[in-house]
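Same chain, two partners: subunit A is paired with subunit B first, then with subunit C.
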Partner chain A sequence: MILLVLPFVFALAAFLIPEKLVKYFGLVAALSSLAVALGHLAYFNPEHLVYIFNPNKAFPMGLSFKMGYDGLSLTMVLLVNSIVSIILLANYRKELAENKLFTSLVFFMQAGLLGVFLAQDGMLFYTFWEITLIPIFLILYWFGKQDNNSVLLKFFIYTLLGSLGMLLSFIFLGTSVQSFAYNDLISSGLFIPAKIACWISCGFLLAFAIKIPLFPFHTWQPSTYTTAPMAGTMLLSALMLKMALFGMIKWMIPLTFTGIQDIKWLIITLGSIGIVYGAVIAIKQKDIKTLFAYASISHVGLIAAGIILFTQLSLESAIIQIINHSIVAVGLFFAADIIESRTGKRNIYELGGIAKLAPRFGFWFAAMTFVSVSVPFTAGFIGEFLLIKELFVAHWFVGIIASTTLVLGAVYMLRAYQLSMFGAPKMTQFEDLKWNEILVFALLTVSAIVIGISPQCIMNFVKPSIEHINELMVGGLNFIK
Partner chain B sequence: MAADILLLTIITLPLVGSAIIGLFGKNLPKIIVGTIATSMVAGSFLCALLIFMNLPQSQIVHLFSVINLEGLKLSANFQIDALSIWMTLIITGIGSLIHLFSIGYMSHDEGFYKFFAYLNLFIFSMLLLVLGSNYFVLFFGWEGVGMCSYLLIGFHFSDLEKGTANSVAARKAFIMNRIGDVGLLFALFMLLGTFGTLEYSEIANKLTEIKSSGVSLPLVAIVGITLCLFLAATGKSAQIPLFTWLPDAMAGPTPVSALIHAATMVTAGIYLVVRSNFLFELAPFTKDVILYIGLATSLVAAFMAMRQNDIKKVLAYSTVSQLGLMFVALGMGAYTVALFHVTTHAFFKALLFLGSGSVIHAMSDEQDIRKMGGLAKKIPTTHLTFLIGTLAIAGFPFLSGFYSKDEILAHALIHNPVIYGVLMVAVTLTAIYMFRLYFLVFHGKFRGGQETESHIHESGISMTLPLIVLAILSVFGGILNLPGIFLHKGAHWFNNYLNGNTVGLDKVKAHHLEPNQAIMLMVVASIIALSVMTWAYVNYAKRGNIAKADEDLNVWERLSNSKLYIDEIYNFLFVKPLEWISNFVYHYFDVMILKNGILSFASLIEKTGNLSRKWQSGFLSSYLFWMVLGIVGLISFYILKIQF
Partner chain C sequence: MDALIVIFITGLIGLFVGMMKKPVLSLSISVLGLISAFILMLYYKSYESPFGNYNGLNFTPSGNIFALLVIGLTLLIVLSGFNYFKKDIEHTADYYGLILFSLCGALILIGFTNFFMFFLGLEIMSIPVYVLVGIRKQNTLSSEASIKYFFTGSFATGILLFGIALVYGASGTFDLNEISNSVSIWKEAPAMFHVGVLFILAAFLFKVGAVPFHFWSPDVYQGSTDAVMSYMATVVKIAALYSFVTLFGSVLGASGNIYTGILEIVIIASFFLGYVSALKQSNFKRLLAYSGISNTGFALLSVFTGDFGSLWIFLLGYTASTIALMTVSQAIEKIDSEDIKNWKGIGYKNPFIGVVVLISFLSLAGIPPLTGFFGKFLLLSGNYQNHLTLVILALISSVIGAFLYLRFVINVFAKESHAEKICIGPLHITVLIISTFVSIFGWTIILF
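Then we have the complex of A and B:
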């Protein structure tokens, strides 16, 4: 339980710390929550589901308040805690790092995210899902660009509207099963007639499609990313949208499996369109943050299309790709922010020659660029390889569409890198990287390489939970027959 | 030492070298950096030589499994057999010579240590490519060399004049290679789908099993697989339609052009086809495609080389053309012949590129042959070795290129005389542009400025030594595979060596010409080489004709000089439309329709709110009015309902 409570405590404690010490506090606190998660990892057996909160009482309206983790959830928990640490490390030298309110909100956000990944109860999942919206909105509102009210409002209402669909689905499911506990939902979900199940999954889909974001629900994203402060963009792209991908794997598909077949090809189609659409638009973008935002749409389209196939391999590679996307998102938006904060420009046509002025930045940005275009020995290589393979097996045409990401990804990333970093310098000076910045890039690159060489360790970790979900579903299906 | 330990040493050494230099090279003296890098590759070469000396039966070394799931096992396995070891010898042998050359060539460069780190990394990736025992490891190497090639082509990205052009060339190479890589990816998927494995030997075994069991072969899938493999090969080996990146890749430092874009990486496509020979043998259609694409490429590229004026561009088109020749051999099923030409080509093309590097070095970075001339006496070692390279590539009798080309021509004659005829045209063109290049550079009067002339000097020992070694190899390389007419015993050594323990190659039937025909072929080839040489000598050296300025070119010369406008055509067909679509979709769909659509939906809600707000006006009279209207409405509704 301490796993979840700790960030809440930190969120409150941040107000009590003197202003000068806040940035140290942030780092230490984030690392200690990571250490707690690692402690859980040390005693973890992937075969079992571990409850961290399990009141064996009947609550009104079928609520159960169960919380716990299996391999899949723990992977996400570790991802959240490490990415939060990295975000705070990246933020370490910025003005915001000394802001109590900001630090507190980040931990608030972390707690909400952990709740989403740990929830074993539908209502709890929904509640935490909505809770995360509060800190991120406040971070964007208080610390983002000044004139971003309309952008923010769009983001807020859009995602809130989506969540409404999920709420309705959960209410329908919970009332018909008389329980919100995950195990009850998953084993009874199969009794729902396919037609109704399809509507329920559409409700989930509305929430997830907006958050992921799937084409054509993505319009809130580029403008939000460009007006948000760096840490906000990172939280959004590296962690928040993973809630939706995780939600698809753990909640949407298993709970409404009979209905999902009808919208399977819809999601694959939207995902594939997103892959090409995001990449094609990214090719001619001038604003480096907008460019990365569209690139992100392209990447997550592939993941969503892979998840909906719901095969053992596609899910495991989707997890790899989820982690990879977090790494890439943090790395690229960090690089974009370094450029923006040192030159005041985001237009890549006004940049150039930075690699000569700041060779260390040139190197590490190049490393992130290569991680992003999925060269061998990086996590993305394995993830994309397997996801495209699964799509290819599902239908060769989808495979071909998905594989365009390999070529187009190289086109827009190399263009962005080359225009901003190569050529004759267009500025007189550019401060090279500081130790914390190098550390961030190095940690990200090294973890991408480690996963790229031995993806098996993560796959082994996630495998039992996916098998478990399958077992529950197959058991239910057999029962019906 | 056991062969498996040696094999792992071969692979690890360059990686270790790259890591050491990349991490610490900045603070080390240049000579130490260069020595580390060179000795790592040379060490790999020695290990490969040790394995080669007593080559065991084909052996697979399992390192670790990357992905191990039910139904999908992908492992880092490596393979020792004749083909992989031979390729390793070429890569590390030529590689260490080029490393040595680079110590001198790059000595004035700021990024010295970076250059060697990349170069070692390239060797590592290339070794993965050829030593892997399955298509998965090959794919790792395949993409890895593409990445190193990108880094090295754009090595001088911050150059004030050419920085942008260099990085654009690098990007072009990477993207074109990526298109080919997608082909390889699909081949891998289809192989997995059809055979359930990516190991070369397992696929070959399954094919023989299927054949012997009498079940019909999955021929359609095999044609698809081979076509995809060939698409990959066209990307890496610069064949039509993906060849335009290679000439631009000459933006990289000259040793890079010699190593990556002449001797090793660009031959990866040929290696891929030879490695997959058991598949290609079952797909005659694909073999025909390879044959004709190779033929077209060799002719078109040779034509383009005719009127290039950049010394490296001439050699680049020549490389494309020679690679085309190799693909012609592959298309005819002459796998060992293609590999023989890969070997000799690696010798003389690396020699020519390094020689051109030495010339450029002497000329203070001038690459335009119109500004050279009469260099023969000023840089004698470079001149002599360059002459040998030129003679070898032009097919001068009894040099290495003579034998390897002759084998291809002989196969063409057996296969189809028309193909032989077309090949002869390509071969003649090769001789013409190579002698043109040689005479313009080394004979006649010096046409550059005085400033440059005063700086001309022969390069140091680290640069001339590799030239001499490569020149010796270019002269005697033909001994590897002497035709039967010269010897009774020991002929076709290379054929027999490769057929010995490479999967599938022993089943391919070798064709040999009648002795009379063979001699005829050689005589014809020699006459052409000699007469072209004489003509070029008279034209360029005696009469002193020099390359024309761009404005004075006639129609065909202009076409050759501007590369048949292929770049412009591609730009018009692919690049521009893609950019246009990108802009169009962004502005008119994403922003105008989607974004504004949602915004107007939001404002619609606002407007309905405003509209309904007007009802709540707060005036009693208006409420009364609506109430009465409602009652009247209800009553009329019921009356109507009763009526009907």
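Then we have the complex of A and C:
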């Protein structure tokens, strides 16, 4: 339980810390919550589901308040805690780091995210899903660009509309069995006729497609990313959209398995469109943050299309790719923010020659670029390769479309890197990286390479829980037959 | 029953004490009376009439929790209105007296078991409110509101009486149990009964302020003072809704489904008309009035299920937010809180007010884990099986509502503005803390 409560406590404690110490407090607190998560990891056996909160009591309305983790959830928990630490480290030298309110909101956000990944109860999942909206909304509003009200409202209303679709689905599933506990929901989902199950999964899809974002629902994303403060963008892209991908794996597909076949190709199509569309638009972008935002759409389209196949290998590689995307998103938006805060420009045609002025930045940005275009020996290579392979098995044409991401990704990333870093310097000076910035880049790059060299450690870690979900469903389906 | 008597006597004593022109004394007497009534209600466990055979008034267990809610809300309203009431030294005691008398009517409306007591309760509740609305005689808006409310309200009462007479004519009794007995015996209800029920329905829709009988509410809310407005938007609405669900959820609703169709249309219209009209308002009270119309639409969903539990949780969330917002509006009244432009930046300069406004509006918008969400969730999950269209439309309309509320919150938290630091009185702070606490943790009551 302390795993979940700790960030809440930090969020409140941040107000009591003197202003000068807030940034140290932020780092120490984030690291200690990471340490708690690692402690859970040390005693964890991937075969088991560990409950951190399990009241064996019947509550009204079928609420069960169960919380716990299996290998899949614990991976996401570790991801959240480490990325939050890295975000605070990246933010360390900024004015924001000394702001109590900001630090508090980040921990509030962390608590909400952990709740989403730990929930073993439908209502709890939905509640934490919505809770995360509040801190991110306030972070974007208070610390983002001025005059971003319309962008913010669009973001909030869009995501709220989506999550209401999910609420409708949860109400349907929950009232039919009088319980919102995960296991009960899965077993009830199997008895739903395919046609109704299809509608229910559409309700989930609305929420997840907007959050991921899948192709026609992505319009909130670029404008939100560009007006948000750096830490807000990182939280959004590296963690918040992972809620939706995780939700697809853990909630949407198992709960509505009988109906998912009907919308499977819809999602694969939307995902493939997103892959090409995001990449093509990214190639034509001048604004470096918008470019990375569209690149993100391209990457997550592939993950979503892979998840919906729901094979053992596609899910494992999707997890790898989820982690990789978090690393890439934090690294790229950090680089974009370094460029913006030191030159005041985001247009890549007005930049140039930075590599000469700041060789260390040049090196680490290049490293992040290579991680992003998924060269071999990085996590992205494994993830994308396996996902494309699985898509190819499903249908050769989709595989071909999806594999364009490798080429197009290299085009837009290398173009962005080349135009901004090489050529004649267009500015007189560019302050080189500080220790905390180097540390952030180094941590990200090293972890990408470690995962790229031995992806097995993560794949084996999540394998039992994916098998368990499969068992629940296949066992149930056999039982019905 | 004891609670009713205590409140009535407190009101009388309050009026006499009012001659001494000591506002604090009047306030303490009313607060004392309300607290003792609350405690009496809490221990009212017999659910039997003390008058032997006469059982015109009887609080069922569900009526009991509603009665507790209205007494508690009145207590908060009296506390939050004190600063305003004491300025009007000539009428200080009148405010307390009238509010308490009206509360008696509300309690009767929650405990009635026959149409006679029902009518009595409705009138006892409404007439003091007509006076309260018009108590600022110098103010034209107030006079207009009072006259408008009085005329339309009396008209609705007339229609209601006509309806009751027709129902009496069809069934031969005023007693609810006997009416529902006759309804169950009839193979087909007589036309007279149907017409009577339709008239009653119309009068009720007027009282709760649902579309198409909602036109009075923005004008009347605007014309009355903040405390009176919060009284109307909470206590009066709760009492009317409770009796609505009592009558139509069990007794009259069982007689046929023509009301279901009418109610469905009314509810859908309320959802959308309320929120969409609220989008264009520049006056804070009118905004709350229109959003209240939509929330009434939500509350009316419980008529189909006849479930008081979900209605109670929903009204708890709605009223806690309304009280908190109206108290904030009173606390900042020196900057003319009626115009929503003046709210700009208040939350940034005064973080406490900002947090209260944020939580209240998020609760109204139905963001979990606040009380407002659980109210809506219970209402919607109850209607999921039989009225799926309504549930989907309710969700769509609540997105409009969320937009409305969020836009307001953004305005309140605006960074650059000329807002100043505002000092809030201790009474207001108490009310704000209590209502915000209820907004956040009120739903946990369903766990027990």
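Simple rule for what comes next: the second predicted complex is superposed on the first by the 481 of 481 C-alpha atoms of A that agree within 3 Å, B and C clash if a C-alpha of one lies under 4 Å from a C-alpha of the other, contacts with A are read in each partner's own complex, and residues count from 1 in each chain.
In the analysis below, a residue touches a chain if its C-beta (ideal position, glycine included) is under 8 Å from a C-beta of that chain, and two chains touch if they have at least 3 such contacts.
Just so we're clear, the structure is a prediction, and the values are computed from it rather than from any experiment.
> For A:164, decide between first (touching subunit B), second (touching subunit C), both and neither.
second
> Of the partners subunit B and subunit C, which touch A:21 in the superposed model: first, second, both, neither?
A:21 sits against neither subunit B nor subunit C.
> Looking at A:355 after the superposition, I want to know if it touches subunit B, subunit C, both of them or none. Which is it: first, second, both, neither?
After superposing on A, A:355 lies in contact with subunit B but is clear of subunit C.
> Given the touch rule stated above, what does A:175 touch, subunit B (first), subunit C (second), both, or neither?
Only subunit C; A:175 stays clear of subunit B.
> Check whether A:2 is in contact with subunit B, with subunit C, with both or with neither, and answer first, second, both or neither.
neither
> In the superposed model, does subunit B or subunit C contact more residues of subunit A?
B
> Taking the superposition as given, does A:424 touch the first partner, subunit B, the second, subunit C, both, or neither?
After superposition on chain A, A:424 lies in contact with subunit B alone.
> When the two structures are overlaid on chain A, which partner does A:457 contact: first (subunit B), second (subunit C), both, or neither?
So A:457 meets neither subunit B nor subunit C here.
> Please work out whether A:392 is in contact with subunit B alone, subunit C alone, both, or neither, and reply first, second, both or neither.
Once the two structures are laid over each other on A, A:392 reaches subunit B alone.
> Answer with first, second, both or neither: which of subunit B and subunit C does A:59 touch in the superposed model?
After superposition on chain A, A:59 lies in contact with subunit C alone.
> State which residues of subunit A lie in both footprints, the one left by subunit B and the one left by subunit C.
The answer is residues 157 of subunit A.
> Over in the complex, which subunit C residues touch subunit A? Could you list them?
Counting only subunit C, the residues touching subunit A are 362, 367-369, 373, 377-378, 380-381, 384-385, 391-392, 395-396, 398-399, 402-403, 406-407, 410, 413, 415-416, 446-447.
> Can you list the subunit A residues touching subunit B in their complex?
154, 157-158, 216, 219, 277, 280-285, 312-313, 316, 353, 355-356, 370, 375-377, 381-382, 385-386, 388-389, 392-393, 399-400, 403-404, 406-407, 410-411, 414-415, 418, 421-425, 453-456, 459
> Under the definition above, what is the set of subunit A residues touching subunit C in their complex?
59-61, 63, 126-127, 130-131, 133-134, 141-142, 146, 149, 152-153, 156-157, 160-161, 164-165, 167-168, 171-172, 174-175
> Please give the residue numbers of subunit B that touch subunit A in the complex, ascending.
64-72, 139-141, 143-144, 147, 150, 154, 157-158, 160, 163-164, 166-168, 170-171, 174-175, 178-179, 181-182, 185-186, 188-189, 192-193, 578-579, 581-583, 585-586, 590, 594-595, 598-599, 602
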